[in-house]
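Paired with chain B in one complex and with chain C in the other, chain A is shared by the two complexes that follow.
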Partner chain A sequence: MLDIFTYPFMIKAFFVAFMIALCAPCIGLPIVLKRFSAIGDATSHSALGGIAFGLLIGINPIIGAVVFSIVAVLSVERLRKAFGTYHEIATVIVMSAGIGLTAVLSAFIKNGSANISSFMFGSIVAISDFELWLSLILCAVVLVMTFLLYKENFAITFDEEAAALSGIPVRLINFIVMLLTAILVSVASRIVGALMISSLLVIPVANAMLISKSYKQTLTLSIVFSEFITLAGLFVSFYMNLRPGGTIVLMGVVILVITAIIKPKK
Partner chain B sequence: MKKISIFILAVLQLFLVTACKTQPTENGKLQVYTSFYAMYDFAKQIGGDKADVYLLCPAGQEPHDFEPTAQDIAKLSDADIFIYNGMGMEHWTDSVTASLGGDVVKVKTTDNIKLNKFTAGDPHVWLNPDNAYIQLKSIADAFKEKDPANKNYYEKNLKENKEKIQRLIADLETAKNMFSSHRIVVSHYAYKHLCHMLDISQYAVNTSDNSGEPTPSRMAEIEDYIKENNIKYIFTEPLSTSDIMKTIAEDTGCEILVLDPFEGNAENKDYFKVMYENIAALTEALN
Partner chain C sequence: MNNEVINVENLTFEYTDTAVLKNVNFKLYKGDFLGIIGANGAGKSTLIKLILNLLTPDSGKIELFGTDFAKARKKIGYVSQKANSFNSDFPATVKEVVRANLFAEKGLFKPYTKKDDEKVLSALELVGMTQYRNKLIGSLSGGEQQRVFIARALVREPELLLMDEPTVGIDAKSVHDIMEIIKNLNRNGMTIIMTNHDTPTLLEVSNKLLIFCEHGYEEFVTMSDLSLERISDILAGKRLHKHA
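After this line comes the complex of A and B, so read on.
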């Protein structure tokens, strides 16, 4: 049997996957609780457009992805207000715009870097040292912000108006969460793929919500789930010769379905 | 999704063609459209200044992933000759050639190529110069048929190319006799024809369409293969799409060289220039 940890690329893959699995639920929880779970998809598809744009004008694609993602989350926020109670339309519109941009822009890219499938599914087996450091810094920022804004996020997701009345700067904190979402999603899209990051934001949190009873417990459990499916998914994909991103996501869905079946209704 | 988009393009094309039929430039020259760079270069070699040769898949874009636009199809339907490779090299040509009218001469340049069990299934036939000549000849035949007035000109160009091809074959044989190793690691399975000719075996990171990423276990296999066979150089290609080769090189301490399958290039090199660069790269890696 192949020894998984004798390969430098696998060690890097495990390290980066561990970091991203750690911070995805931290951002995912406030997003899901705010009924905003599709934002990950909208942002990651816009990030794809940004990657294509970056390659097109010759800047680092990650910068393109970050810029496009920030524009995307700000547009979603703005559009949500315009649609009132039908606010989920906003996410779909921004996602469509992202896919449209990706399709149009990628046709203009020379030198063959326009491989959309590698953007969609990431290349966790080919992580450069730059990407390694980037994911490390990013995860540190996300974790620190989660820790600092823990009480505020808890109050806002529980009751936004009450939080505002008690003096919490709701708009500022919502903005920070959206900004972190944009940055996390865009950087992770390039590294582990758009599919994987938008799933890791939501699936572990959804799984934790099925069985936990408090905010804190949901956060802790979703990190445990997230780490489990990511690391187990990498192992399984290695020994069964499967694509890692898809394996991790499917693993999460299977565990979620099992949890939903064996758990009695609330 | 690709099929759907081709259908939509075909419908669009109907509108475009009927709405604004663009006239080919009436300068008396043959209007020749080619699917990707290798075909473009071959058509230029034969057509010289007697034909206007156009390239559909822009130089520098990966021809396996290319998708013609509605405008491309509209132009194509006004062409005299459409030259393509076939054998799955360009996934879009089957539906496009079926929808083109009878006025356009369609040249599938791999029609007369003989395959054997070593080379079957690999569309990159031109990497063996014998095949390249067969492709050049089928192009020249189409030119002569469509433009009999310049028959001698096209024949002269074909003959000149035949001489160059014979020299290239001799130089490949010389290089082959100097190889001390017979294994190459490449980014996609594009070299069955070249390898069969040079009696070497290829080990590819990606499958033959040059898209997607290897799975982690495939990566591990490749790195093991490199270490076990003591391989010092791995080959990437000009249109390579990912950092996979860089990662493998870092992990195993290999160096990266370029082996160009001549699918498309941004620097307008011709077939012979690319093939001589390939000989130089192979000689460096295998001696």
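After this line comes the complex of A and C, so read on.
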């Protein structure tokens, strides 16, 4: 047995990382195809605000992150409408609010910098049993909803007008996807890091889009890439004593560059 | 009447105080082919959007198959100018694009079945695109893409097909092929409503016309009521530009 699995915290980390890597492309694909990749950043920065708030008032930070992330995605949706064709401004405003809130609140937390930092860049050792189960349950919800809404998500991302005409409740499903994004970002903040999770939403999908020949294949390959970079990143970070979030993201970027260079013609 | 497909009565719609459609009235029956001709901005596409419930009329009513759009949804197909505005890098096959329009039959949360795939193949066969079913939609030419979008509308076996400038930006050979497909559908009893800048083509295929001048809706006529002189006026643009 590899010595990495002799540590209970590493087994927990692998469980959670496996689930997050499975979920991230499922949420990332519709977001990327709708050219809405920046929502991951806006949500993750707001999640940090929730983490700081959770640490400050003494509740589990992931719960704080979930609440703040949901408020963030709802705010982005509302602001997007207010700014019309300049709707990308909405993500920047919400992201700024999140990081501002984090900066202010962290000053009031005991060991604020160290605590917040572990959520920014991810930390394997810090996963509690409660967080393990919370993460697994929330990831399961994301997966089930993604599977159930597979055909609806495809139709909406391909042609929103045609989807609405065929009777798909477009606004409801867009709202559900935003909600799932908020949940995933919050759950992933512990292990991958809040500042890294948006990369996990986008990079595996971008990698798959370079070589895939259908929507289904894009989703499948995104999951394969996501699992590979996440699990391999965990191994490398453990043996080389690196931060797991950063290692995972850098591994994703390296593989993306390699794919872009050697990709076969579609 | 049982064969009535659409009944539009006193339909009025305006964009911020500018009346685009005023008191539009027409009825179509099974097998009719309505051509909508007129200048840019005269209200042709607005009418299509009103029929599709994408816009709400200020007054008047639209009945589809004796009921409203939501109840008649399954009987209606729509083809837009997508070949022009389509994102060619979207990772989807022809089959996936066509199948996406089966939602009204499936409902929420229900996965596709083999029967759905058979429907997709039948729709692709109608437009001669079966052999392209596993190709990426973005790898096709504009004409081929538009055939796929027609197949997407046909997969639900609609009784009424609305088409908004379906041949814009497509090469002449593809336009000819697409018009042949559309004529064939109409010959087999499908009711068709189509806007098109190509007035001679519309005059050839339509049995009813809605004519818009540059200031909006002008008249609804059947082809048999049109004299040669009026047809010649329309072709010369005189019915489209009142002050010409």
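The rule we apply is simple: the second predicted complex is superposed on the first by the 254 of 266 C-alpha atoms of A that agree within 3 Å, B and C clash if a C-alpha of one lies under 4 Å from a C-alpha of the other, contacts with A are read in each partner's own complex, and residues count from 1 in each chain.
The working rule: a residue touches a chain if its C-beta (ideal position, glycine included) is under 8 Å from a C-beta of that chain, and two chains touch if they have at least 3 such contacts.
In this text, all values refer to a predicted model and were calculated from it rather than measured experimentally.
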Clash or fit, chain B versus chain C on superposed chain A: fit
First (chain B), second (chain C), both or neither touched by A:S214: second
Touching partner for A:L180 - first (chain B), second (chain C), both, neither: neither
Chain B versus chain C as contact partner of A:C26, first or second or both or neither: neither
Contacts of A:A38 with chain B and chain C, given as first, second, both or neither: neither
Touching partner for A:S237 - first (chain B), second (chain C), both, neither: first
Touching partner for A:L138 - first (chain B), second (chain C), both, neither: neither
Chain B versus chain C as contact partner of A:A194, first or second or both or neither: neither
Three-chain overlay, closest Cα atoms of chain B and chain C, distance in Å: 38
Those residues of chain A which chain B touches in one complex and chain C touches in the other: none
Contact footprint of chain B on chain A as seen in their complex: 2, 4, 7-10, 13, 107, 109-115, 117-118, 121-128, 234, 237-244
Residue ranges of chain A in contact with chain C within the complex: 33, 148-152, 154-155, 157-159, 161-169, 208-209, 212-218, 266
Chain B residues within the chain A interface of the complex: 58-62, 65, 67, 69, 211-221, 223-224, 238-244, 246-248, 250-251, 264, 266
Chain A contact footprint on chain C (complex, rising order): 52, 54, 70, 73, 76, 78, 80, 82, 89-93, 96-97, 99-104, 106, 108-109, 111-112, 134, 136, 139, 152, 156
